[in-house]
Amino acid sequence: MGFWGIEVKPGEPYGYQSDEFKGRLHITQATLGLGESKERSIVQCSMGYKSPIFLCSLLPNKNESCPLDLEFEGVDGLIDFSVIGKRSVHLSGYFVDDDRDARDDYES
Amino acid sequence: MGFWGIEVKPGEPYGYQSDEFKGRLHITQATLGLGESKERSIVQCSMGYKSPIFLCSLLPNKNESCPLDLEFEGVDGLIDFSVIGKRSVHLSGYFVDDDRDARDDYES
Amino acid sequence: MGFWGIEVKPGEPYGYQSDEFKGRLHITQATLGLGESKERSIVQCSMGYKSPIFLCSLLPNKNESCPLDLEFEGVDGLIDFSVIGKRSVHLSGYFVDDDRDARDDYES
Amino acid sequence: MGFWGIEVKPGEPYGYQSDEFKGRLHITQATLGLGESKERSIVQCSMGYKSPIFLCSLLPNKNESCPLDLEFEGVDGLIDFSVIGKRSVHLSGYFVDDDRDARDDYES
Amino acid sequence: MGFWGIEVKPGEPYGYQSDEFKGRLHITQATLGLGESKERSIVQCSMGYKSPIFLCSLLPNKNESCPLDLEFEGVDGLIDFSVIGKRSVHLSGYFVDDDRDARDDYES
(Lines give C-alpha, C1' and ligand atoms only; values in the text may rest on other atoms or scores of the structure.)
Protein backbone atom coordinates (compact mmCIF):
# COMPACT_ATOMS: atom_id res chain seq x y z
CA MET A 1 0.00 0.00 0.00
CA GLY A 2 2.85 2.28 0.85
CA PHE A 3 2.83 6.06 0.61
CA TRP A 4 -0.26 8.17 1.28
CA GLY A 5 -0.66 11.90 0.73
CA ILE A 6 -3.39 14.48 0.27
CA GLU A 7 -3.74 18.24 0.04
CA VAL A 8 -6.48 19.58 2.28
CA LYS A 9 -7.75 22.86 0.90
CA PRO A 10 -9.62 25.55 2.84
CA GLY A 11 -13.35 25.07 2.49
CA GLU A 12 -12.94 21.56 1.10
CA PRO A 13 -12.94 19.02 3.91
CA TYR A 14 -11.37 15.71 2.97
CA GLY A 15 -13.31 12.65 4.06
CA TYR A 16 -11.21 9.59 4.76
CA GLN A 17 -13.12 6.37 5.10
CA SER A 18 -11.07 3.99 7.18
CA ASP A 19 -11.87 0.33 6.83
CA GLU A 20 -10.33 -3.03 7.57
CA PHE A 21 -9.32 -3.66 3.99
CA LYS A 22 -6.94 -0.73 3.73
CA GLY A 23 -5.03 -1.39 6.93
CA ARG A 24 -4.02 1.28 9.35
CA LEU A 25 -3.24 4.73 8.00
CA HIS A 26 -0.25 6.35 9.68
CA ILE A 27 -0.15 10.13 9.08
CA THR A 28 3.31 11.46 9.83
CA GLN A 29 3.70 14.94 8.38
CA ALA A 30 1.86 18.18 7.66
CA THR A 31 3.28 20.88 5.41
CA LEU A 32 1.82 24.25 4.53
CA GLY A 33 0.79 24.76 0.92
CA LEU A 34 1.75 27.74 -1.21
CA GLY A 35 0.00 31.10 -0.86
CA GLU A 36 0.33 34.67 0.23
CA SER A 37 -1.57 34.62 3.49
CA LYS A 38 0.48 35.14 6.64
CA GLU A 39 -2.19 33.60 8.85
CA ARG A 40 -1.84 30.28 10.53
CA SER A 41 -3.46 27.19 9.00
CA ILE A 42 -4.83 24.70 11.49
CA VAL A 43 -5.65 21.13 10.53
CA GLN A 44 -8.51 19.60 12.47
CA CYS A 45 -10.23 16.24 12.31
CA SER A 46 -13.84 15.41 13.05
CA MET A 47 -15.31 12.01 13.70
CA GLY A 48 -19.06 11.59 13.97
CA TYR A 49 -20.69 13.59 16.73
CA LYS A 50 -17.50 14.49 18.57
CA SER A 51 -16.00 18.00 18.70
CA PRO A 52 -13.27 18.61 16.14
CA ILE A 53 -9.72 18.16 17.43
CA PHE A 54 -6.86 20.35 16.23
CA LEU A 55 -4.01 18.22 14.90
CA CYS A 56 -1.47 20.91 14.13
CA SER A 57 -1.04 24.62 13.57
CA LEU A 58 1.31 25.84 10.83
CA LEU A 59 2.69 29.38 10.83
CA PRO A 60 3.81 30.94 7.50
CA ASN A 61 7.51 31.88 7.51
CA LYS A 62 7.95 30.43 11.00
CA ASN A 63 6.93 26.79 11.18
CA GLU A 64 5.66 25.45 7.89
CA SER A 65 6.15 21.75 8.60
CA CYS A 66 5.05 19.66 11.52
CA PRO A 67 5.73 16.02 12.31
CA LEU A 68 2.65 14.01 13.23
CA ASP A 69 2.13 10.50 14.52
CA LEU A 70 -1.50 9.60 14.07
CA GLU A 71 -3.09 6.29 13.27
CA PHE A 72 -6.51 5.60 11.92
CA GLU A 73 -7.93 2.13 11.52
CA GLY A 74 -11.14 0.40 10.53
CA VAL A 75 -13.11 1.15 13.66
CA ASP A 76 -12.62 4.88 13.22
CA GLY A 77 -15.04 4.97 10.29
CA LEU A 78 -15.33 8.29 8.46
CA ILE A 79 -12.83 10.99 9.41
CA ASP A 80 -13.12 14.52 8.09
CA PHE A 81 -9.92 16.52 7.79
CA SER A 82 -10.37 20.23 7.31
CA VAL A 83 -8.32 23.40 7.42
CA ILE A 84 -8.98 26.58 9.39
CA GLY A 85 -7.11 29.32 7.54
CA LYS A 86 -6.44 30.48 4.00
CA ARG A 87 -3.64 28.17 2.89
CA SER A 88 -3.93 24.49 2.19
CA VAL A 89 -2.04 21.83 4.13
CA HIS A 90 -0.41 18.74 2.65
CA LEU A 91 -0.69 15.63 4.82
CA SER A 92 1.53 12.64 4.18
CA GLY A 93 2.19 9.23 5.63
CA TYR A 94 1.82 5.59 4.76
CA PHE A 95 -0.29 2.53 5.25
CA VAL A 96 0.85 0.01 7.81
CA ASP A 97 0.27 -3.53 6.76
CA ASP A 98 -1.33 -5.14 9.79
CA ASP A 99 -0.09 -8.52 8.71
CA ARG A 100 3.45 -7.26 8.70
CA ASP A 101 2.91 -5.74 12.06
CA ALA A 102 0.96 -8.58 13.52
CA ARG A 103 3.47 -11.13 12.34
CA ASP A 104 0.67 -13.56 11.89
CA ASP A 105 1.88 -16.53 13.87
CA TYR A 106 -0.94 -18.85 12.95
CA GLU A 107 1.19 -20.59 10.37
CA SER A 108 4.09 -21.14 12.73
CA MET B 1 -10.06 1.64 19.21
CA GLY B 2 -8.15 4.03 17.04
CA PHE B 3 -8.02 7.81 17.26
CA TRP B 4 -8.17 9.69 20.55
CA GLY B 5 -8.41 13.43 21.04
CA ILE B 6 -9.43 15.94 23.69
CA GLU B 7 -9.37 19.68 24.23
CA VAL B 8 -7.99 20.62 27.63
CA LYS B 9 -9.35 23.99 28.68
CA PRO B 10 -7.82 26.35 31.23
CA GLY B 11 -9.39 25.76 34.63
CA GLU B 12 -10.93 22.47 33.54
CA PRO B 13 -8.53 19.59 34.22
CA TYR B 14 -9.28 16.50 32.19
CA GLY B 15 -9.19 13.27 34.12
CA TYR B 16 -8.20 10.22 32.12
CA GLN B 17 -8.83 6.91 33.79
CA SER B 18 -6.45 4.38 32.32
CA ASP B 19 -7.44 0.78 32.70
CA GLU B 20 -6.61 -2.59 31.23
CA PHE B 21 -9.73 -2.73 29.10
CA LYS B 22 -8.91 0.31 26.97
CA GLY B 23 -5.37 -0.68 26.12
CA ARG B 24 -2.46 1.70 26.10
CA LEU B 25 -3.12 5.32 25.21
CA HIS B 26 -0.42 6.83 23.02
CA ILE B 27 -0.55 10.66 23.02
CA THR B 28 1.39 12.03 20.09
CA GLN B 29 0.51 15.67 19.53
CA ALA B 30 -0.40 18.89 21.30
CA THR B 31 -1.80 21.91 19.45
CA LEU B 32 -2.73 25.30 20.83
CA GLY B 33 -6.40 26.22 20.73
CA LEU B 34 -7.80 29.47 19.37
CA GLY B 35 -7.68 32.68 21.41
CA GLU B 36 -6.17 36.12 21.71
CA SER B 37 -3.70 35.58 24.52
CA LYS B 38 -0.04 35.78 23.58
CA GLU B 39 1.04 33.88 26.70
CA ARG B 40 2.38 30.38 26.64
CA SER B 41 0.11 27.45 27.44
CA ILE B 42 1.76 24.61 29.33
CA VAL B 43 0.22 21.16 29.53
CA GLN B 44 0.97 19.30 32.72
CA CYS B 45 -0.08 15.92 34.04
CA SER B 46 -0.60 14.86 37.62
CA MET B 47 -0.81 11.34 38.98
CA GLY B 48 -1.78 10.75 42.58
CA TYR B 49 0.51 12.29 45.12
CA LYS B 50 3.35 13.11 42.73
CA SER B 51 4.32 16.63 41.62
CA PRO B 52 2.83 17.65 38.28
CA ILE B 53 5.12 17.19 35.29
CA PHE B 54 5.13 19.63 32.37
CA LEU B 55 4.55 17.79 29.09
CA CYS B 56 4.90 20.67 26.65
CA SER B 57 4.90 24.43 26.36
CA LEU B 58 3.21 26.08 23.39
CA LEU B 59 4.01 29.66 22.36
CA PRO B 60 1.40 31.63 20.37
CA ASN B 61 2.68 32.72 16.95
CA LYS B 62 5.95 30.87 17.51
CA ASN B 63 5.43 27.20 18.26
CA GLU B 64 1.77 26.24 18.33
CA SER B 65 2.21 22.50 17.81
CA CYS B 66 4.40 20.02 19.58
CA PRO B 67 4.98 16.34 18.91
CA LEU B 68 4.65 14.10 21.96
CA ASP B 69 5.33 10.44 22.58
CA LEU B 70 3.66 9.46 25.81
CA GLU B 71 2.06 6.21 26.81
CA PHE B 72 -0.37 5.56 29.59
CA GLU B 73 -1.56 2.13 30.55
CA GLY B 74 -3.71 0.40 33.14
CA VAL B 75 -1.28 0.68 36.04
CA ASP B 76 -1.15 4.46 35.71
CA GLY B 77 -4.66 4.82 37.11
CA LEU B 78 -6.14 8.31 37.08
CA ILE B 79 -4.17 10.97 35.21
CA ASP B 80 -5.14 14.62 35.34
CA PHE B 81 -4.20 16.77 32.37
CA SER B 82 -4.41 20.50 32.94
CA VAL B 83 -3.34 23.71 31.27
CA ILE B 84 -1.35 26.58 32.75
CA GLY B 85 -2.20 29.60 30.60
CA LYS B 86 -5.20 31.21 28.98
CA ARG B 87 -5.60 29.17 25.79
CA SER B 88 -6.74 25.60 25.57
CA VAL B 89 -4.59 22.80 24.16
CA HIS B 90 -5.79 19.98 21.94
CA LEU B 91 -4.17 16.63 22.63
CA SER B 92 -4.38 13.82 20.11
CA GLY B 93 -3.14 10.30 19.68
CA TYR B 94 -4.48 6.77 19.47
CA PHE B 95 -5.01 3.60 21.39
CA VAL B 96 -2.50 0.83 20.91
CA ASP B 97 -4.08 -2.55 20.86
CA ASP B 98 -1.97 -4.59 23.24
CA ASP B 99 -2.99 -7.75 21.46
CA ARG B 100 -1.67 -6.40 18.22
CA ASP B 101 1.48 -5.33 19.90
CA ALA B 102 1.90 -8.36 22.07
CA ARG B 103 1.16 -10.70 19.20
CA ASP B 104 -0.57 -12.95 21.62
CA ASP B 105 1.28 -16.18 21.05
CA TYR B 106 -0.82 -18.30 23.34
CA GLU B 107 -2.86 -19.61 20.44
CA SER B 108 0.16 -20.43 18.32
CA MET C 1 21.46 -2.13 3.75
CA GLY C 2 21.58 0.51 6.42
CA PHE C 3 21.97 4.23 5.87
CA TRP C 4 20.45 6.04 2.90
CA GLY C 5 20.99 9.65 1.89
CA ILE C 6 20.66 11.90 -1.14
CA GLU C 7 20.91 15.56 -2.00
CA VAL C 8 17.97 16.78 -4.05
CA LYS C 9 19.00 19.79 -6.10
CA PRO C 10 16.67 22.42 -7.58
CA GLY C 11 15.82 21.52 -11.15
CA GLU C 12 17.11 17.98 -10.77
CA PRO C 13 14.35 15.67 -9.58
CA TYR C 14 15.61 12.49 -7.97
CA GLY C 15 13.85 9.34 -9.09
CA TYR C 16 13.74 6.56 -6.53
CA GLN C 17 12.67 3.20 -7.82
CA SER C 18 11.24 1.20 -4.95
CA ASP C 19 11.18 -2.52 -5.36
CA GLU C 20 10.85 -5.64 -3.28
CA PHE C 21 14.53 -6.44 -3.35
CA LYS C 22 15.66 -3.29 -1.57
CA GLY C 23 13.20 -3.51 1.30
CA ARG C 24 11.33 -0.57 2.71
CA LEU C 25 12.99 2.82 2.59
CA HIS C 26 12.41 4.87 5.73
CA ILE C 27 13.16 8.58 5.18
CA THR C 28 13.59 10.32 8.50
CA GLN C 29 15.23 13.70 7.99
CA ALA C 30 15.45 16.67 5.65
CA THR C 31 18.15 19.32 5.96
CA LEU C 32 18.65 22.44 3.89
CA GLY C 33 21.77 22.58 1.73
CA LEU C 34 24.21 25.46 1.61
CA GLY C 35 23.44 28.62 -0.34
CA GLU C 36 22.67 32.31 -0.14
CA SER C 37 18.96 32.29 -0.92
CA LYS C 38 16.66 33.25 1.94
CA GLU C 39 13.65 31.64 0.29
CA ARG C 40 12.05 28.48 1.55
CA SER C 41 12.86 25.15 -0.06
CA ILE C 42 9.97 22.72 -0.28
CA VAL C 43 10.47 19.01 -0.91
CA GLN C 44 7.68 17.35 -2.83
CA CYS C 45 7.15 13.83 -4.07
CA SER C 46 5.26 12.68 -7.13
CA MET C 47 4.04 9.21 -7.91
CA GLY C 48 2.59 8.41 -11.30
CA TYR C 49 -0.49 10.40 -12.21
CA LYS C 50 -1.17 11.80 -8.74
CA SER C 51 -0.68 15.44 -7.74
CA PRO C 52 2.65 16.15 -6.04
CA ILE C 53 2.53 16.17 -2.24
CA PHE C 54 4.67 18.55 -0.19
CA LEU C 55 6.74 16.63 2.35
CA CYS C 56 8.39 19.51 4.17
CA SER C 57 9.20 23.19 3.95
CA LEU C 58 12.57 24.45 5.16
CA LEU C 59 13.16 28.10 6.03
CA PRO C 60 16.72 29.50 5.86
CA ASN C 61 17.93 30.84 9.22
CA LYS C 62 14.71 29.71 10.90
CA ASN C 63 14.07 26.01 10.45
CA GLU C 64 16.74 24.30 8.40
CA SER C 65 16.06 20.73 9.53
CA CYS C 66 12.86 18.77 9.68
CA PRO C 67 12.20 15.28 11.00
CA LEU C 68 10.26 13.04 8.63
CA ASP C 69 8.75 9.60 8.97
CA LEU C 70 7.98 8.29 5.53
CA GLU C 71 8.10 4.78 4.18
CA PHE C 72 8.27 3.63 0.61
CA GLU C 73 8.07 0.02 -0.43
CA GLY C 74 7.92 -2.10 -3.54
CA VAL C 75 4.35 -1.33 -4.52
CA ASP C 76 5.06 2.39 -4.64
CA GLY C 77 7.07 2.01 -7.84
CA LEU C 78 8.84 5.12 -9.09
CA ILE C 79 8.85 8.14 -6.76
CA ASP C 80 10.17 11.50 -7.88
CA PHE C 81 11.54 13.79 -5.22
CA SER C 82 11.99 17.40 -6.26
CA VAL C 83 12.67 20.75 -4.67
CA ILE C 84 10.71 23.99 -5.06
CA GLY C 85 13.17 26.77 -4.22
CA LYS C 86 16.79 27.71 -4.81
CA ARG C 87 18.64 25.63 -2.25
CA SER C 88 19.05 21.90 -2.28
CA VAL C 89 17.71 19.61 0.43
CA HIS C 90 19.50 16.60 1.88
CA LEU C 91 17.25 13.66 2.67
CA SER C 92 18.42 10.87 4.93
CA GLY C 93 17.12 7.67 6.44
CA TYR C 94 17.70 3.96 6.26
CA PHE C 95 16.44 0.75 4.79
CA VAL C 96 14.28 -1.45 6.97
CA ASP C 97 14.98 -5.08 6.49
CA ASP C 98 11.56 -6.63 6.10
CA ASP C 99 12.89 -9.91 7.33
CA ARG C 100 14.06 -8.32 10.51
CA ASP C 101 10.76 -6.62 10.89
CA ALA C 102 8.65 -9.53 9.85
CA ARG C 103 10.59 -11.91 12.00
CA ASP C 104 9.99 -14.57 9.46
CA ASP C 105 8.62 -17.38 11.57
CA TYR C 106 8.39 -19.93 8.81
CA GLU C 107 11.66 -21.51 9.87
CA SER C 108 10.72 -21.74 13.52
CA MET D 1 5.11 0.71 35.02
CA GLY D 2 3.77 3.29 32.63
CA PHE D 3 4.43 7.02 32.81
CA TRP D 4 7.68 8.47 34.11
CA GLY D 5 8.46 12.12 34.78
CA ILE D 6 10.90 14.23 36.76
CA GLU D 7 11.81 17.88 37.17
CA VAL D 8 15.57 18.43 36.97
CA LYS D 9 16.47 21.59 38.85
CA PRO D 10 19.61 23.68 38.38
CA GLY D 11 22.26 22.62 40.85
CA GLU D 12 20.40 19.42 41.72
CA PRO D 13 21.50 16.59 39.44
CA TYR D 14 19.01 13.73 39.28
CA GLY D 15 20.54 10.29 39.54
CA TYR D 16 18.63 7.56 37.75
CA GLN D 17 19.66 4.04 38.59
CA SER D 18 18.78 1.80 35.70
CA ASP D 19 18.44 -1.86 36.48
CA GLU D 20 16.98 -4.97 34.96
CA PHE D 21 13.96 -4.99 37.26
CA LYS D 22 12.54 -1.68 36.09
CA GLY D 23 12.74 -2.40 32.38
CA ARG D 24 13.88 0.09 29.80
CA LEU D 25 13.21 3.76 30.42
CA HIS D 26 12.15 5.64 27.32
CA ILE D 27 12.51 9.43 27.74
CA THR D 28 10.50 11.23 25.10
CA GLN D 29 10.08 14.88 26.04
CA ALA D 30 11.80 17.82 27.70
CA THR D 31 9.93 20.98 28.68
CA LEU D 32 11.29 24.13 30.26
CA GLY D 33 10.12 24.91 33.77
CA LEU D 34 8.76 28.25 34.95
CA GLY D 35 11.07 31.17 35.69
CA GLU D 36 12.18 34.61 34.63
CA SER D 37 15.55 33.82 33.11
CA LYS D 38 15.84 34.29 29.36
CA GLU D 39 18.92 32.08 29.15
CA ARG D 40 18.90 28.66 27.60
CA SER D 41 18.66 25.56 29.78
CA ILE D 42 20.65 22.58 28.57
CA VAL D 43 20.00 19.06 29.82
CA GLN D 44 23.05 16.85 29.96
CA CYS D 45 23.60 13.29 31.09
CA SER D 46 26.70 11.76 32.61
CA MET D 47 27.54 8.11 32.95
CA GLY D 48 30.56 7.04 34.93
CA TYR D 49 33.85 8.35 33.66
CA LYS D 50 32.58 9.56 30.30
CA SER D 51 32.21 13.23 29.32
CA PRO D 52 28.72 14.61 29.78
CA ILE D 53 26.56 14.62 26.65
CA PHE D 54 24.07 17.40 25.94
CA LEU D 55 20.61 15.96 25.31
CA CYS D 56 18.71 19.13 24.45
CA SER D 57 18.83 22.89 24.65
CA LEU D 58 15.66 24.82 25.47
CA LEU D 59 15.31 28.53 24.67
CA PRO D 60 12.84 30.63 26.70
CA ASN D 61 10.13 32.18 24.52
CA LYS D 62 11.49 30.42 21.44
CA ASN D 63 11.64 26.66 21.88
CA GLU D 64 10.44 25.56 25.28
CA SER D 65 9.70 21.93 24.41
CA CYS D 66 11.80 19.33 22.68
CA PRO D 67 10.96 15.79 21.65
CA LEU D 68 13.50 13.19 22.73
CA ASP D 69 13.91 9.50 22.00
CA LEU D 70 16.33 8.07 24.51
CA GLU D 71 16.44 4.64 26.08
CA PHE D 72 18.24 3.55 29.20
CA GLU D 73 18.41 -0.02 30.35
CA GLY D 74 20.00 -2.13 33.05
CA VAL D 75 23.52 -2.11 31.66
CA ASP D 76 23.65 1.66 31.73
CA GLY D 77 23.92 1.72 35.52
CA LEU D 78 23.77 5.12 37.17
CA ILE D 79 22.89 8.07 34.94
CA ASP D 80 23.09 11.64 36.18
CA PHE D 81 20.82 14.18 34.54
CA SER D 82 21.68 17.79 35.21
CA VAL D 83 20.77 21.23 33.92
CA ILE D 84 23.10 23.97 32.70
CA GLY D 85 21.13 27.20 33.09
CA LYS D 86 18.81 28.88 35.55
CA ARG D 87 15.47 27.25 34.82
CA SER D 88 14.54 23.67 35.53
CA VAL D 89 13.59 21.17 32.85
CA HIS D 90 10.82 18.60 33.09
CA LEU D 91 11.64 15.25 31.50
CA SER D 92 8.89 12.78 30.71
CA GLY D 93 8.51 9.37 29.14
CA TYR D 94 7.52 5.86 30.06
CA PHE D 95 8.85 2.45 30.90
CA VAL D 96 8.89 -0.14 28.18
CA ASP D 97 8.00 -3.55 29.41
CA ASP D 98 10.67 -5.79 27.96
CA ASP D 99 8.33 -8.73 28.13
CA ARG D 100 5.82 -6.95 26.01
CA ASP D 101 8.51 -5.98 23.59
CA ALA D 102 10.32 -9.25 23.62
CA ARG D 103 7.13 -11.21 23.21
CA ASP D 104 8.59 -13.93 25.30
CA ASP D 105 8.19 -16.91 23.07
CA TYR D 106 9.45 -19.46 25.53
CA GLU D 107 5.90 -20.50 26.40
CA SER D 108 4.88 -20.85 22.76
CA MET E 1 24.70 -1.64 25.29
CA GLY E 2 22.20 1.09 26.04
CA PHE E 3 22.96 4.79 25.77
CA TRP E 4 25.35 6.22 23.19
CA GLY E 5 26.61 9.79 22.95
CA ILE E 6 29.49 11.74 21.42
CA GLU E 7 30.52 15.34 20.96
CA VAL E 8 31.59 16.07 17.39
CA LYS E 9 33.97 19.02 17.35
CA PRO E 10 34.74 21.27 14.38
CA GLY E 11 37.81 20.01 12.58
CA GLU E 12 37.71 16.65 14.35
CA PRO E 13 35.62 14.17 12.39
CA TYR E 14 34.38 11.26 14.48
CA GLY E 15 34.76 7.88 12.86
CA TYR E 16 32.18 5.33 13.88
CA GLN E 17 32.93 1.76 12.88
CA SER E 18 29.69 -0.14 12.66
CA ASP E 19 29.92 -3.87 12.95
CA GLU E 20 27.71 -6.83 13.65
CA PHE E 21 28.91 -7.24 17.20
CA LYS E 22 27.70 -3.88 18.43
CA GLY E 23 24.19 -4.14 17.03
CA ARG E 24 22.40 -1.30 15.35
CA LEU E 25 23.16 2.23 16.46
CA HIS E 26 20.09 4.43 16.65
CA ILE E 27 20.98 8.15 16.73
CA THR E 28 18.04 10.18 17.94
CA GLN E 29 19.17 13.66 18.92
CA ALA E 30 21.59 16.45 18.03
CA THR E 31 22.25 19.38 20.35
CA LEU E 32 24.50 22.37 19.79
CA GLY E 33 27.53 22.66 22.04
CA LEU E 34 28.54 25.77 23.97
CA GLY E 35 30.28 28.67 22.23
CA GLU E 36 29.98 32.25 21.13
CA SER E 37 29.55 31.80 17.39
CA LYS E 38 26.14 32.73 15.99
CA GLU E 39 26.70 30.69 12.83
CA ARG E 40 24.87 27.49 12.11
CA SER E 41 26.53 24.14 12.78
CA ILE E 42 25.72 21.42 10.29
CA VAL E 43 26.32 17.75 11.02
CA GLN E 44 27.19 15.66 8.00
CA CYS E 45 28.06 12.02 7.55
CA SER E 46 30.33 10.45 4.95
CA MET E 47 30.53 6.81 3.98
CA GLY E 48 33.26 5.62 1.66
CA TYR E 49 33.24 7.20 -1.75
CA LYS E 50 29.78 8.78 -1.50
CA SER E 51 29.13 12.53 -1.17
CA PRO E 52 28.59 13.69 2.40
CA ILE E 53 24.97 13.99 3.46
CA PHE E 54 23.80 16.74 5.82
CA LEU E 55 21.96 15.25 8.80
CA CYS E 56 20.87 18.42 10.58
CA SER E 57 21.48 22.13 10.81
CA LEU E 58 21.45 23.82 14.21
CA LEU E 59 20.97 27.58 14.59
CA PRO E 60 22.31 29.31 17.72
CA ASN E 61 19.56 31.02 19.74
CA LYS E 62 16.90 29.71 17.35
CA ASN E 63 16.97 25.93 17.06
CA GLU E 64 19.68 24.35 19.15
CA SER E 65 18.25 20.84 19.30
CA CYS E 66 17.03 18.57 16.58
CA PRO E 67 15.41 15.15 16.78
CA LEU E 68 16.97 12.54 14.51
CA ASP E 69 16.04 8.99 13.62
CA LEU E 70 19.01 7.35 11.99
CA GLU E 71 20.18 3.77 12.11
CA PHE E 72 23.57 2.37 11.30
CA GLU E 73 24.35 -1.31 11.21
CA GLY E 74 27.18 -3.65 10.38
CA VAL E 75 26.98 -3.33 6.61
CA ASP E 76 27.49 0.41 6.80
CA GLY E 77 31.15 0.02 7.73
CA LEU E 78 33.01 3.17 8.65
CA ILE E 79 30.93 6.34 9.01
CA ASP E 80 32.54 9.74 9.49
CA PHE E 81 30.54 12.36 11.32
CA SER E 82 31.81 15.90 11.00
CA VAL E 83 30.66 19.43 11.72
CA ILE E 84 30.54 22.39 9.35
CA GLY E 85 30.62 25.46 11.58
CA LYS E 86 32.37 26.73 14.68
CA ARG E 87 30.44 25.06 17.48
CA SER E 88 30.46 21.40 18.32
CA VAL E 89 27.36 19.20 18.19
CA HIS E 90 26.44 16.51 20.69
CA LEU E 91 24.86 13.43 19.17
CA SER E 92 22.98 10.96 21.33
CA GLY E 93 21.00 7.76 20.95
CA TYR E 94 21.21 4.12 21.90
CA PHE E 95 22.08 0.70 20.64
CA VAL E 96 19.26 -1.52 19.55
CA ASP E 97 19.82 -5.09 20.51
CA ASP E 98 19.07 -7.02 17.37
CA ASP E 99 18.24 -10.06 19.44
CA ARG E 100 15.64 -8.14 21.32
CA ASP E 101 14.29 -6.79 18.10
CA ALA E 102 14.53 -9.99 16.19
CA ARG E 103 12.99 -11.95 18.99
CA ASP E 104 15.32 -14.77 18.30
CA ASP E 105 12.89 -17.58 17.67
CA TYR E 106 15.46 -20.30 17.29
CA GLU E 107 14.85 -21.49 20.83
CA SER E 108 11.09 -21.59 20.40
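Per-chain residue numbering starts at 1, and chain names A, B, C, D and E are given in the order in which the chains are listed.
As a working rule, a contact is a pair of C-beta atoms (placed from the backbone, for glycine too) under 8 Å apart; a residue touches a chain by one contact, two chains touch by 3 or more.
As the structure is a prediction and not an experimental result, all values here were calculated from the model.
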Exercise. What shortest step count links chain B and chain C in the network of chain contacts?
Worked result: 2
Exercise. Rotation angle for the CA superposition of chain A on chain C, to the nearest 5°?
Worked result: 70
Problem set entry | Copies chain D and chain E touch via same or different residues, half shared test | different
Exercise. Between chain A and chain E, what is the separation of their C-alpha centroids in Å?
Worked result: 30
For this session: Return the distance between the CA-based centres of chain B and chain E, expressed in whole Å.
Result: 30
Problem set entry | Where chain B and chain D are represented by their mean Cα positions, the distance between them in whole Å | 19
For this session: Mark out which residues of chain D touch at least two other chains, giving numbers and ranges.
Result: 62-63, 67, 69, 103, 105, 108
Seminar exercise, completed: Listed in rising order, the residues of chain C that touch chain A in the complex are 18, 40, 42, 45, 47, 50-51, 53-59, 62-63, 66-76, 79, 98, 101-103, 105-106, 108
Exercise. Where on chain D does chain B make contact in their complex?
Worked result: 1-3, 5-7, 26, 28-29, 31-33, 61-65, 67, 69, 90, 92-94, 100, 103, 105, 107-108
